[in-house]
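First subunit A sits with subunit B, and in the next complex the same chain sits with subunit C.
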Partner chain A sequence: MNTRLSAVIAMSSRYGTVARRAALAVVVVWLLVLPQLVDTYTLVLATQALVFGLLAVGVGVLTGHAGLATMGQVAPYAVGAYTTAWLTRHDITAGLLQLPAAALAGALFAAVTGIVVIRARGVVALMLTLAVGELTATAAVQWKEFTGGSDGVSTPPARIFPGGAELFDDQDIYLYVLVVALVVAGITALVLRSPAGLLLAGVRDNEDRMRAAGHPVDRYLLLTYTGAGAISGISGALLMTYARYVSPQDVGFDISALALLAVVIGGVRSTAGAFAGAGLIVFTRDKLGNWWPGHAPLFLGILFLIAVYLLPNGAAGVAQQLRSLADRMGLRVPGLVPRTPAAAGAGDGTVPASGAPVPEEADAR
Partner chain B sequence: MTDLLTVTELTRSYGSFVALDRADLTVAEGARHALIGPNGAGKTTLLNLIAGTDLATSGRIAFAGRDITWQRPHRRSRGGIARTFQHPSVVPVATVLDNVLLGAWHHHTAAPWRRAGRRRIADDCRAILETVGLTGLEHRQAGELSHGRRRMLDLAVALAGRPRLLLLDEPAAGLTDADVTVLLAVLRDLSDDVAVLLVEHNLDVVAAFARTVTVLHHGRPLVTGTPAEIQADPAVREAYLGRRKVAETA
Partner chain C sequence: MDWLDAHLIPALDGVAYGMLLFVVAAGLTLAFGSGGVLNLAHGTVYAMGAYIAADIGDGSWGMLVLALAVGAAAGATSGGVLAVAVAPVARRGHLDQALLTFGIALVGGDMLVSYFGADQRQVAVPKALEDSVTIAGHQYPTYRLAFIGVAALLAGLGYWLLVRSTAGAAVRATTDDPEMVAALGLSPRVVHTATLVVAGALAGGAGVLGAPIITPSPETADTVMLWSLIIVVVGRLGSVLGALFAAIAVGEVQTLGVVLAPDLAPYLLFGAMGIALLVRSGSGILPEFAARARVLATRARALKGGGA
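On to the complex of A and B.
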């Protein structure tokens, strides 16, 4: 791995914590007032981006933190969506009931499929998750009484509380989706910052060492896979709330690929980055794509190329990249960043302590 | 002294290549036992099989009276077997202290999930880091360390597991003379409750440390004895030292 890079990022992430928190607060406030700022179509796109972003968070947990690249997170997403549809049609329309049910269904599904997936690594794991996703989409076509087959299934609007008002207005739906997405993403980020994040980093970077030290690596990975399934299940529930319709096309291979793309664009170990990547994809596809109809895939392709060539650490790494660029040009940013990566590597152990065990950085696999 | 580890007729083959061929070995409680032998003699294979990093083709491994032949590595670790790796093995993105914390995680009475428990474990980890000479580097990322320091960190992680049996795979390889001195001091200060099984090419380290030496040759233990007996053994000279001479003249 690139140790100089990780040193720079580790240091700058410490110095940048305050700045990052401030930026996060600004973004959250901006998202909360967004309904007052934009037209309805943009707001619907933003809702879609949030749902998709939460799916990408699940992908990021597996790909970036556990080291299991996945193309199959649409599977628990689909399970969550169809479970919610089934509940709604059986008059359980309250989001506060649907969300835990969808999370549970996604988690159960992931726990069962995970037993196979977590035994593999790298490309094999990628192919296995792809198979799980494709089989799920096929099942969605075949199992007509539950899924409505290829026609899909549509539902009446959901409510937040049992007996509450229906979520019908685009603004209300947006705010509901936003709050749920923020809470789930926040919990995810907190768990990853806890010692659990350290355990995952150990598993990702040195499995044999972890096993030899007594860590049940398979159990950790299965738990993580199950947790990611719960996140994606919730994302599927939100899909039903805003679209009120799901068909096998909504849970196909392309959605999985785009979710992985969102994570790559946003930075594989950044929860906020997953949303940024998802937002960029949704707006590139549906807004730019509208200006020049039929060329949305072209825009997505260009976006992917830019991401891979210019942002090796994703959007979350842009700040670090700018800083190291400034370093190379000899511009000092006093008190914010160590002067050069070499200086950070050659210091004599005076690096300040950090509470965060897992600095975000380039994928070390 | 009673036997802590008993290896019986242990075989590991990779296809037609037999790395370890019906090997028998016993390691006593509190032993200072070295495994030597030419390259490819099966030393690391034997160590990997005992640690559970690799699984045997046939044979039996008993540890503290229990059959562990098919036990998974994390279970063996919890049972009291710790190891270091031939290529020093650390978690590069984590700090030095966090690496040791990961080593102590399942072996400490304090609860690692609680802040107070973690603090207590970290205190013990700092003490271990001091013994291996890494004090002052606690908050460095392990990936930044030099090869020698990584090796000492690998050892610290193993020690944090409070082992009854410590497996060391060439702990002196790539170390400077000063580091070797530190290493020998650490090993000398180990409690007698800890048995050590050491694979090592550096015969000075073996002579300074081991009380028992087993020579492995072509996947089989050739002879076991004290360092002096091994040095005098004609079969060892022929198999092991003889080969070295050939290699030197080549």
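On to the complex of A and C.
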């Protein structure tokens, strides 16, 4: 495991970084010009995928980085969405005000519920987050004055700046959501790569050792849970901006499950992968699902089966997979050093003894 | 006595729901214990059994037995299919397995709706069980009472098999220490496959017998899955006895609990689950809250004393 991990790190630091940055830049440019490339329906779906992807980013922070698989991120997402709806109805329509308010509301909610959740691990934590999510969805049905009950609540369009033009055009909404999602995801990725992210990795991989070394593990986890709540709160605010409507159905158990699976499909520790997984789910359900109306679950199910069998490292691991496949077929991929005997052994499934030179193109599964 | 009289029927309903959910959840928890696979397609197998009962059953005993045989066989087959499907990802994490079994559940659910239709189905009950019996002055459906009996019998038999038979010993041993079982010449994978087949048959059979209680509809699979998941986690994953208590508790919360606390009804199930998990997980959070409250109370008293 250690050898594999260091192999991945070595690979990404030497060759991967440049290639990955280039790929990321291409994707961002593609996303920015997307309104010129696709029809309105696809653009609205892309907006939905970005909002859902940001929700998945929050799930990924907890599931992949903190090691707490969660089915409850719809709760701060709901808090963010209903807070935004409340603000909009009280004439605070500027997105630049709504976003921090929704983030704060989501973070506060997570800080309170997190006290309970971060005590548990594994499947118990998963069920506790499920309880938080379901209780929040139930509260959304019951608390009619604030949420409109099961009818939901709809709002007038938002603006970006106070007194600015209303966000009404699908292209404008898409670009606004895209920029916010990219900024939030970028900040998240930077924090996760900082020493703070390393501390979190330590907690995830060896909690006892971190505790023994004197790290306040509970505080780290609560902070992470709060941060993930802020991300999900922002995602809820964006939901209000593009859909201008939220009901308990938008924050139900199935959305939580899909967000978790989006992260698994994308690769649990990849921020970009969370968006990729979310995009795959939204397009499978709402675009492929349209080919045979009423059978969207079938397409989703097939997507999940394909993902399990063909993408063992998630969508984010595809590049590695292609590289190791090319390597196994004897192809030389530019930028890779020639195979060493140790690396050949790794490709065949035998793990070289630790201390041996790290094989650059080890099969990183 | 009045209280008992007023709440007898919901309490009995709770036992009926609980026993039904136990038969479903027992297979789930055993399959997890012996093979480490939390099968999210388990509720779909129940729904399949329930649809089969609605389709084949016509109110005669013969057809009920036929439906039971077909439902159990279909459930066992699905268990075998699942064992084959899970094998390639057995060494990967629980999340990958969740993705796989959830995918199977979605595909299976879609096939069920395509084949049996999207309507909620009514299920015919054998004529002899159609009426109600009088219990302490209350009318109660005979079928539910009979179901409680059958399920209790099934639970007893299953428990006896698990604790006393060689096959049961193999399952328990695989749960505890698969390497040791393998060293003794018994393949844990065979045990695991057999457990999944039996679990599937139990869920399918429970679907057939439980169809008049939790009726087949497109939502049935999700509902039963969610309740079973709560039961196996609250009852400790892998523990059959724990699942029994948790199942009865879930049944009672949904029936008796709703009667006792109607205002809180929508929050009851997940609220109770959260509290049960906090108490059970031994996370120490409840004692800690109590300790902090005591400290605060002492400080408040001290402040009052100082002010006076």
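In this section, the second predicted complex is superposed on the first by the 322 of 365 C-alpha atoms of A that agree within 3 Å, B and C clash if a C-alpha of one lies under 4 Å from a C-alpha of the other, contacts with A are read in each partner's own complex, and residues count from 1 in each chain.
Operating definition for what follows: a contact is a pair of C-beta atoms (placed from the backbone, for glycine too) under 8 Å apart; a residue touches a chain by one contact, two chains touch by 3 or more.
Since we're looking at a predicted model, the values are computed, not measured.
In the superposition on chain A, A:Gly163 makes contact with neither subunit B nor subunit C.
Of the two partner chains, subunit B is the only one touched by A:Asp205; subunit C is not.
In the overlay built on the shared chain, the residue A:Pro195 is in contact with subunit B alone; subunit C does not reach it. Of the two partner chains, subunit B is the only one touched by A:Gly214; subunit C is not. Using the contact criterion defined above for the overlaid structures, shared-chain residue A:Leu261 touches subunit C, although it does not reach subunit B. Residues of subunit B that touch subunit A in their complex: 51-53, 72-74, 77-78, 82-83, 85, 89-95, 98, 101-103, 105-107, 112-113, 118, 136-141, 143-144, 154, 157-158, 160-161. Within the complex formed with subunit B, the subunit A residues making contact are 1, 3, 6-7, 10, 195, 198-199, 201-202, 205-206, 208-217, 345, 348-349, 351-354, 357-359, 361, 364.
If you check the complex, the residues on subunit C that touch subunit A are 38, 88-89, 92, 94-96, 98-100, 102-111, 113-114, 118, 222, 226, 229-230, 233-234, 237, 266-267, 270-271, 273-274, 277-278, 281, 283-285. The part of subunit A that touches subunit C in the complex is made up of residues 63, 69, 115-116, 119-120, 123-124, 127-128, 130-132, 134-135, 138-139, 141-142, 253-254, 257, 260-261, 264-265, 268, 294-295, 297-298, 300-305, 307-309, 312.
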